[in-house]
Structures are given as structure tokens and as C-alpha cells.
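Each of the two complexes below includes subunit A, the first together with subunit B, the second together with subunit C.
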Partner chain A sequence: MMKIIKVNEDVCVLCHLCEIACIVEHSESKDILKVFKREKPRPIARCAVEEDKPLSFSLMCRHCDDAPCVKACSNGSMHRDERGYVVVDEETCIGCWMCIMVCPYGVIRRDERRQKWNLSTKCNMCPDRDIPACVEVCPNEALVLGDVVECT
Partner chain B sequence: MKWMKNLKTYIPGDFVVVRDDNKCIRCKACVEQCSFEANFYDDEEDRVWSWDGHCVGCQRCVYICPTDAIRVEPREEIYRHHENWKIYHIKGIEKRANFGGAPIVSMGTDKEYPIYWDHILLNASQVTNPAIDPLREPMELKTFIGRKPSVLEIKKSKYSKTKIPPQLELEIPIMFSAMSYGAVSKNVIEALGRASEAMATCFNSGEGGLYKEHYKFGNRLIVQVASGRFGVHKDYLNIASAIEIKIGQGAKPGIGGHLPGEKVSKEISETRMMPRGADAISPAPHHDIYSIEDLRQLIYALKEATRYRKPVIVKIAAVHNVAAIASGIARAGADAICIDGFKGGTGASPQVIRDCVGIPLELALASVDTRLREEGIRNEVSLIASGGTRCSTDVIKAIALGADAVYIGTAALVAIGCHLCQQCQRGNCAWGIATQDPFLSKRVNPDIAAEKLINLLKVWSLEIKEMMGAMGINSIESLRGNRLALRGVGLTDTDLNILGILPAGA
Partner chain C sequence: MHIVILGNSTVAVAAVEAIRSIDNMENKITVVSNEPFFTYSHPLLPNYLVGEVEEDEEKFSYRRKGFYEQNKLNTILGDAAVFIDKNAKTVELKSGKEIAYDRLIVATGGIPIVPPMEGVNLENVFTFTNLTEVKKFKTALPNIKKCVVVGGGLIGTRLTEKLSIYGVETYLIELLERLVVLALDDYGAGLIRKELEKAGGHIITGDSVKSILGEKKVCGVKLASGKEISCDAVAIAIGVRPNMDIAKNAGLEVGRGGVITDEYMRTSDPNIFSGGDIVETYDLTSNQRRSIPILPIAYAQGEVAGLNILNREVKFKGGFPMNSMKIGGIEFISMGTVNPEKDAEIIERKYDNGDYKKFIIKNNCLSGAIFIGDIEKAGMFNWMIKERFNVKRIKDYFLKEDFGWKYFDRDTRNLRISRQLK
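Then we have the complex of A and B:
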């Protein structure tokens, strides 16, 4: 069964380490010091911590069943991979931003690293890892990997 | 620099935050996590700075820093050495002179007093009696807290004719001591409750009443009735499995509780049945208890209110005449006595009281046990030892000195993140424990905290079983008050005499 990252805002401590871990995981060197000291431009975090104290939580792509971004994508770059997660093909993305316009959660962001046009960037559930980097680093289990539960 | 020193109020801090700029990635995690505002970020310089004077040494930034760039070091002694005028005395005078108030501190005393636990050694079996392996053979830690009958009459049908007074049944002789909702956050109590349920032991509500969400832990709960009577009502008494009357607390004998108004949030004011934002100050004495007879009245009032179904514990601080006082409490009808040693913790106490009032638990416990035995009333009360229990060996030594069970408070908090920075009274605990700030209290995740507490209790029980096994004992009952299992090292004859143990080699 497909697992998604569950967010528990009751225990988010606003440390932003999920963002740091995400940046490191999606970098070239995958070394925290090298990413932040040398890599320029550095990758952007694919999760974002929303804050209105005392409320805070990290939000990333929900990998919707009926994903509006997949429907809106003009050339099929935004697609569902073999694991079932919604991912963007960075080779073919033309940066039209339609996905950003339709995303109900606002979790697709512009990656301004590419000179010609800016890519759409979003959570890809860390394909190289068993547990996504943000879930692994979260010090208070505010992010956990869990099964999708049908809402009725 | 955001901050400017002011000579009129400046007192050098105790710590220095050392940040390795080569490793700092400006993630600002330390800035957000420091609730004492010791770390700040400068946009213009793109640099994280620290204001050392604010650092309390809680280590939160050290733990959270993803690149391990931060170290918190003690600030070096900056005054010329003087044997009589320690830096502690000089700063103490400065604080009082600058701010005109008596410093309030928390946790147990941090001053150097002898720790008798560290001078007591345990026995082990060799040749003449066999040791037991706890992993292969059953061992029992089950403990009953309550009055035991002097005689047991057995009928022919093998059932006891004697009516057994109410008992508190514990699977392990370790309970969580009184920490009120108000002193600690809701999540901490939730974790204590879950751990108590999982390990079949009890936790104590403290004097702050019981929050409505915590009534579910009723069968693993001891409720406290203290001098302030905060949150005491019929349901509160009846939900619990035991009732504790708090006469004194080890960290502040002779002083009532003090919950600063900043910590009195909406939920706490509801739970304590008092106005929001007002200081919750418990009177020093119970105003209806001025003698043992008065105490007896309260004990029986509580027993009456709960239809004699629950044991009543009386908690006193270890003070000079503790043995005589305990004897009086036993005769007043208490089912158990909790003796809180002066190293016990608190959420807020005047510094002078915390640091030099009371006597060590080890001596108080031994003298109370001895006195009750001499008077032939030891079976009428159970003894609970509390105050500064740091490890499983302290627990087993306390039991061998005569305790029936041990309360742990600080040890439980340390398990869930406390680093003993001793700032509980300020209400902005960076680890989310001693705070009511809804943003800070999120830092204790009850799921993780409960698991850690369960781990701690499991490991301690295993260690206790191993030590019992080494002594050739398979039930904690056989160790209780068995002072022959103990030997003292580096103690004077007087100490050994009070502790009732032999010196090592004898």
C-alpha cells in the first residue's frame, strides 16, 4: 500500500530541520556542510514549515489520488511514478507553472536553478531512500510515514 | 549586537555558547529553539550570534544543531580565587542587591552534600548460597502499598478471615512522584500516565488537581491533597487509586507550593479552580492541621469521602525529628508515609530553603524504618522513599534500607528530555517540560516520552532483578529492610549507626 507523510501539528517544534534535510537530500553532494557552504545555487526545500505560533507544521505534497497538477500539466511532465507518487520529470518540465496554479496545498515551488526557465519542484518522496529524509530527521515525530486512510 | 549590557544589572552568565562558524549553516534552528533568547540571527551580517548571559545551559541548541556546530561551555571563573568567598556567594549577593528579591530556584539542591547512596555497597552470593539468573528464573518485584494486618487468621476454607485494608498494587516498586499540572505541561502528565498504565505502577497528580483529559488514568493515579487544596473535589478523590496528603516537600520543607502566575493558563485555572494568571501559592502549613490529631481528622475525612476503599499516604519532608513525626503519622491512621529527602526536586522554591533545609533521604529513611520497627508498628504503614533517586542502584539500596517503594521525579523528567538547567520556575522550559506555553509544550511528544519512560522503568526493573539475583533473592519482599545486604564504605561510625549497616569488611 502507498505510504504518505503524515503531519502532526500538535508536536511540530518549528526547528525547520525537515527543510534542511530535504535540501541536503536533493543536492549534488548530499553533504550538509558542502551543500550550504559551496553549492550555489543550492536546491530549495520541497517541504515548507508554516507558522502561526503556537501552531506550526511542515507541509509537503499530499500526492493526491485525483491530483489536479497531473491533469493540468501541459506535456505530461507531472506524472505518477511506479510507486504511485506524483513526481515531475525535470528533463521535460517547461516551467509553465500550471501545476503551481492548481495545487490546492501550494506545495509546488519554482526552482530557480535552471537558467533558461524555472522548474516546478515538489516532494518526490525521496526515491533513493526507504524513509524520506524529512521524516527521518524530524526530532519529535511530527512527520511520520503512514498508510493512506480512506476518508469517508 | 541586539543587546547592550547594563552595569546596574549585569551579572556574568554561567555559560558560554561556542559556535563554530565554519560549521554553522545559518539554518536558525538554534534561534527558534532557544526559549531564553540566547541565540539570535543578524540579517545584515548573515550570522548567528549568542548572548551568553542569557544561556542557562539547557543544551537544547546543542541537541538540535544539525551540523553539531554549537557547544555550551561553563564560563571560566572570572574572579580571583577565594576559599571563603566562592563565586556562588558573590553572584548571590549581586542578584539580591541588584534585583531586591529572594532568588527562586528549582530542581533539587545543586550544592555539595554527601551522597550516602554512593557510600553503600550491595552484597552478592558466593559458594554458600546460590545466585539466581533473572533471565532464566522468575523474579518478583510486585509491591503492595498500604497497611498490613498484624495477624492473619486463616479459616478452614483457606480464605483469610482477616479483612485486609486497602492496598495499592504495583508491579514494580517505582512510582512517579508528584508533579502537578501547572508545574509540568499536559503532555508530560499524559506520558507519565501512559507509562504508569503500561508498567502497572502509579503516577501522582501533584497538588494542582486533575485535568479533565487525565481522568482516564484514574486506576493508575495517586491524587494529592496539599495545603492549597487546589482542584480537590469528590470526583477527584474518588477517581484515584490512592490519596496523598502533602505536608511537606523535600526541596522546600516548611514552604508551600508556588506556581508563578505566568504558568496559570486557562486550563490550569479551570483545573485548580482559581483565577487565571494569579500566582498559585499554597500556604506553608495546612491551616486545619496543627497536630497529629488534626492530621488524623483529615486522613479519616478523606477515607470517609472515599468509603475506606483507598489507602491514604502522608508525604513529609525529611527533617530533623522525622522518625518521631513518622511514628505519629503512622498512629494517626495513614496507610503509607512518603519521606522526601532534601535532594528532591521542585518547580520553584526559595534558594536558601532548597539548599540548606532538611536532611538526606538515606539517613531519614533508615531512622524512620528503625523507629517504626522498635515501636512495633512498621507493618501498619508502608514507606515510600523519594528525593534524588538517580539510578536503579539507588532504588534497591532504598528498599534494602526499609522503603517499600520509591518515587522518581527528576529521573523521569530527565528521561523525557530534562537537562537539569534548573529554570523550571521561569516557565519557558526549552525542552517543553516545565512550561505552559502552548508552543513550547509541543516539544514533548507524549508518544515518544511515554516510550522513553517505559524503557527506563523496564531497564531499571531488569537491573534490580539482576542485583537481587546476584544476592540470591528472588522476591523484592525478601530484600525489604534487609540491611545485611548493605555495607558502608568511607562512612563514619555515626553514619553507619544511623543507617543501621555494617562497614565493608565486617
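Then we have the complex of A and C:
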């Protein structure tokens, strides 16, 4: 069964390390110092921490079974990869934001720094890793990898 | 089973993907299109016209190379279906070929509305809904210095922007007093107008083209106000209507907004399904059946048609208009009914940085929304419209810059985030 990142707001300590780890993981060098001191453009974090103290939690793509972003994509760039996760083909994405228009979680970001075409940016479940970077770095299991219990 | 699909765009691709996700390639699928092209991305046509993207680039295609082979599709491209005999279960093509089907999907899309005016058949009068037409426009483009765009909707405004930036002196003529009437309000439309003018476009509202002037080729237009504008091309972008003659002639039930289907996307004939710009769709925000010619609805309907051909009993319960666009420096997303009747509650705000948000609420349900600038959370509102979410307790937070799941009650938030609440 496909696992997704489960969010536990009760134990999030608002450290933002998930965002840092995400940026590093999706950088050129994957070296935290290089990324934050030198790399331009710096990747956009694909998870985002919401806070309304004392509440806080990090949220990223839920990789919906019935993903509206895949269906609304204007040229097939948003698709499911061989693992079953919803990912963007960066080569073909034109940044039309149809995916943003329909994402029921509001977790797709705009990257408007490319020369010609904008780029839709979202969690890709770290294809180079067994455990996503945000989950691994989370100090208090506020993000864990788990099975989906779907509604009926 | 032999499944024949008339059309090669969103509905066809969605149906193929749905069928192939469950049928182990057991069914034979034939895709028929009057256009001789690999499935392409309609929203990119304005970019294609001005050379920002070429036909052979992957991003111009609606699916990646190999799509037809991987899905074992028979394709008949460049040969139009001319008649459906629903009793014999055959489709006759323009070439004279006849195809027998077990199940048929009629997805012939929309055709441009061209008003019956003098001069519409002149050389250099173009429409803008398919690649065949846009190719003609593109070929003529290097010799076009001045163009009149008829219709200030979503296509007309995008076209005006692209042509103006490309260097064509462009006049946009809109019958109503403002642009993008269906997708924006006065304020939003005003911003778009400014952006188009900044790009060099000339915007004329409250007037219409009465006739197109010229001997063989376009040399100008005459407006209802009496004004004449000289030009060497006219682009008609008033809108699309369902391309449903073939369905009508087959004896399928049709309404004003298109071919009639049930929630399973089945037409009045049990072996024929339909979807996309050709059908009448139930609008969840205006509670009317009408044509809603947008890509996300076409995909959803195509998918449902495909699944139901394999007896999956999946329903398409309705949709609503939604659009995402960028004109000049303005990005906007709008959804639902944005110009409501008087009894609706309206929540709106103009932000200091130029952003704008507007929400239309009826009976504690969101029925429309406009986002200009800050659009990234728009989809959450799309979900609220679709699910008829009761917004009574959350609406006070809608205008907050940091709107998010944190403002929902704990149970709703956690059930949603864990995917246990639809």
C-alpha cells in the first residue's frame, strides 16, 4: 500500500526543520551550507508550516487517489510516477496554475523564477530517498510515514 | 468490446486513461478526429500562435510521446465522423469508411461562435479554438500589422495580450461594458483592461463589429457605433458552442446547452456516451444545466464515461466554471458564479499590495470566488464549493493573508489532512 506523510499537530514544536530539509533535498548540491549561503535560486519548500499558537503543523501534498491536479493539468505535466505519487514534469510544466486552482489542500506553490515558463512546485515524496527528508528530520514525529485510511 | 471515441482531446484522453486503468488492454479502442494531430494542449494555442511554443515541443502535447502505442489505440486522425447510425451501431466517416462500435463516446467538443455578419468569409478572418485554424493564423501572422479581436472573454483577452506583445497593433472589441464578463467582476476586469493597454492593446467596450470590410482579404471592420477601424486580420473569439450536429442527426437528445446525458455520462442512447464541450453540464453554483466548456470538467466527464462503459457505476454530479489566467502582470483564478444575484453575501478585500479576493456566499455555501495575485490557496475554496461545505464558521477568516487549515475546527482539519473526509 502507498504510504503518505501523516501529520500530527499535537506534537509539532514549530521548528520549521521540515521546510529546511525539503529545501536542501531539492537543491543542486544537497549541502545545507551551500544551499543557504550560495545557491541561487534556492529551492522553494514543498511543505509549509501553518501556525496559530499554540497550534502548529506542517502540510504538504496528500497525493490524493483521485488527484484533481492531474485531471486539470493543461498538458499532462502533473502525473503519477511509477511509485504512485503525484509529481510534476518540470520539463513540460508551463505554470498555468490549473493545478493550484483545483488542489483541495492548497499545497502547490508557484515558482516564477524560470526564464520562460513558470513552474508548479509540490511535494514529490523525495524520489531519491526511502524516507522523505521532512519526515527524517522531524524531531518529534509530527511528520511520520504511514498508511492511508481512506474514507468510504 | 470495440469502443470508438469521436474526438482526440481531453475527453478522449481521460476516457482512454480510465478504461486502460482497469481493462488490462482487453478492449479495442479507436480514436477518430477530424484534425490530423497528436493530442495537443488547447490552452497553449495563444502561445503557439506567437511562437512561444512550437508544435514539436513536448509541452505543446496533451500527453507524452508514445501515448497511443502504450494504450494500444487505433487512431484515425484527419478524417471526420459524419454520421452515427445508432441502430446499426456504426459511424460513417468523411472518407466513406464505416466503423462498427459496441460503445461510442461522442466528444467532438465545441466550435467557435461566428456571428452571421458581412465579410466573415474573407481571407484573414480567423477563429481560435483548434490547431487547424490557428495554423492558418500563424502562417498569415508575419504579414499582419493590425488585427481586430472580436470578443473580450478569456480567449479574446489572451489573444489581444499575445498579439500586442508580438508587435501587432491590436483592437479588442467587446459588446458589453467590460471584459471577461463571465469570469471576473468590474474591479478585476478593470485590472485586466489596464494590463492589456499596458501591453499596447486598444480596448473598445460597449461596441460591436457590424461587418468586416474588404474585397477578397480583410481591410477593416465597421462597428455598430459607425466607427471604422482599418486592419489586415480579424480574430473571432466570441466563444464556443457545442459541436453537436452529429449527435442531433443521430437522434440523440440535445438541449440548449449541448447533448443531454445522465450522471453516468450516457446519452439518450444506452450505447453512446458523451462529455466535454459538447454536453450540457449541471452547474452546482447556479443550479442550471448549461454548457461549461472547460478542461477540468471535460476530463472528469471523459473519465466517468470511460469507467461506465466498463460498468463501474461512477457518477459525474456536476461542475462549475473555473479559470486560471495570466494577463500581463496579473494572475487570477476565478470559480463558480462570480456575478451573483442580489441576495448573496459578498466578502471582498483589496489588499495594499494590489491583490484582491472576493467570495460569494449563499445559504452558508460558497458559490463563487475570485483571487487576483495571491492565488495559491484557491483550490481549498474550489473544494468548499464542490462539497457544499458549510462556511458559516470559517468565512470570517477567508480574507486573512495566512488563510489555511489552521482556521478550520480541529476535527475537520485532521480528518481532511488524513484523507478521511471527502
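By our rule, the second predicted complex is superposed on the first by the 151 of 152 C-alpha atoms of A that agree within 3 Å, B and C clash if a C-alpha of one lies under 4 Å from a C-alpha of the other, contacts with A are read in each partner's own complex, and residues count from 1 in each chain.
Assume a residue touches a chain if its C-beta (ideal position, glycine included) is under 8 Å from a C-beta of that chain, and two chains touch if they have at least 3 such contacts.
Please read all numbers here as calculations on a predicted model, not as lab measurements.
Peer 1: By the touch definition at the top of the document, which applies to A:4: first (subunit B), second (subunit C), both, or neither?
Peer 2: second
Peer 1: Scan A:92 for contacts with subunit B and subunit C and give back first, second, both or neither.
Peer 2: second
Peer 1: If you stack the two complexes on chain A, which partner ends up touching A:37: first (subunit B), second (subunit C), both, or neither?
Peer 2: In the superposed model, A:37 contacts subunit B only, not subunit C.
Peer 1: So, does A:50 touch the first partner subunit B, the second partner subunit C, both, or neither?
Peer 2: second
Peer 1: Determine, under the contact definition given at the top, whether A:71 touches first (subunit B), second (subunit C), both, or neither.
Peer 2: second
Peer 1: Between subunit B (first) and subunit C (second), which does A:62 come into contact with in this model arrangement: first, second, both, or neither?
Peer 2: second
Peer 1: After superposing on the shared chain, does subunit C or subunit B touch more subunit A residues?
Peer 2: Counting contacted residues of subunit A, the larger count belongs to C.
Peer 1: Touching A:20, do we find subunit B (first), subunit C (second), both, or neither?
Peer 2: Only subunit B; A:20 stays clear of subunit C.
Peer 1: Would you mind listing the overlap between the subunit B footprint and the subunit C footprint on subunit A?
Peer 2: 56
Peer 1: Touching residues of subunit B toward subunit A in the complex: what are they?
Peer 2: Touching subunit A: residues 23, 25-29, 32-33, 63-64, 66-67, 432, 437-439, 442-443, 445, 447-448 of subunit B.
Peer 1: Hey, which residues of subunit A end up touching subunit C in the complex?
Peer 2: Touch list, subunit A to subunit C: 4, 6-7, 9, 50-52, 55-57, 59, 62, 64, 68, 71-72, 74-77, 91-94, 96-106, 108-110, 116-117, 148-151.
Peer 1: For the complex, which residues does subunit C have touching subunit A?
Peer 2: So the residues of subunit C touching subunit A come out as 14, 41-44, 47, 52-53, 58-64, 295-296, 299-300, 303, 322-324, 326, 331, 333, 335, 375-380, 382-383, 402, 404-407, 413-422.
Peer 1: Sort out for me which residues of subunit A touch subunit B in the complex.
Peer 2: On the subunit A side, the touching residues are 10-17, 20-21, 32-33, 36-37, 53-54, 56, 137, 139-142.
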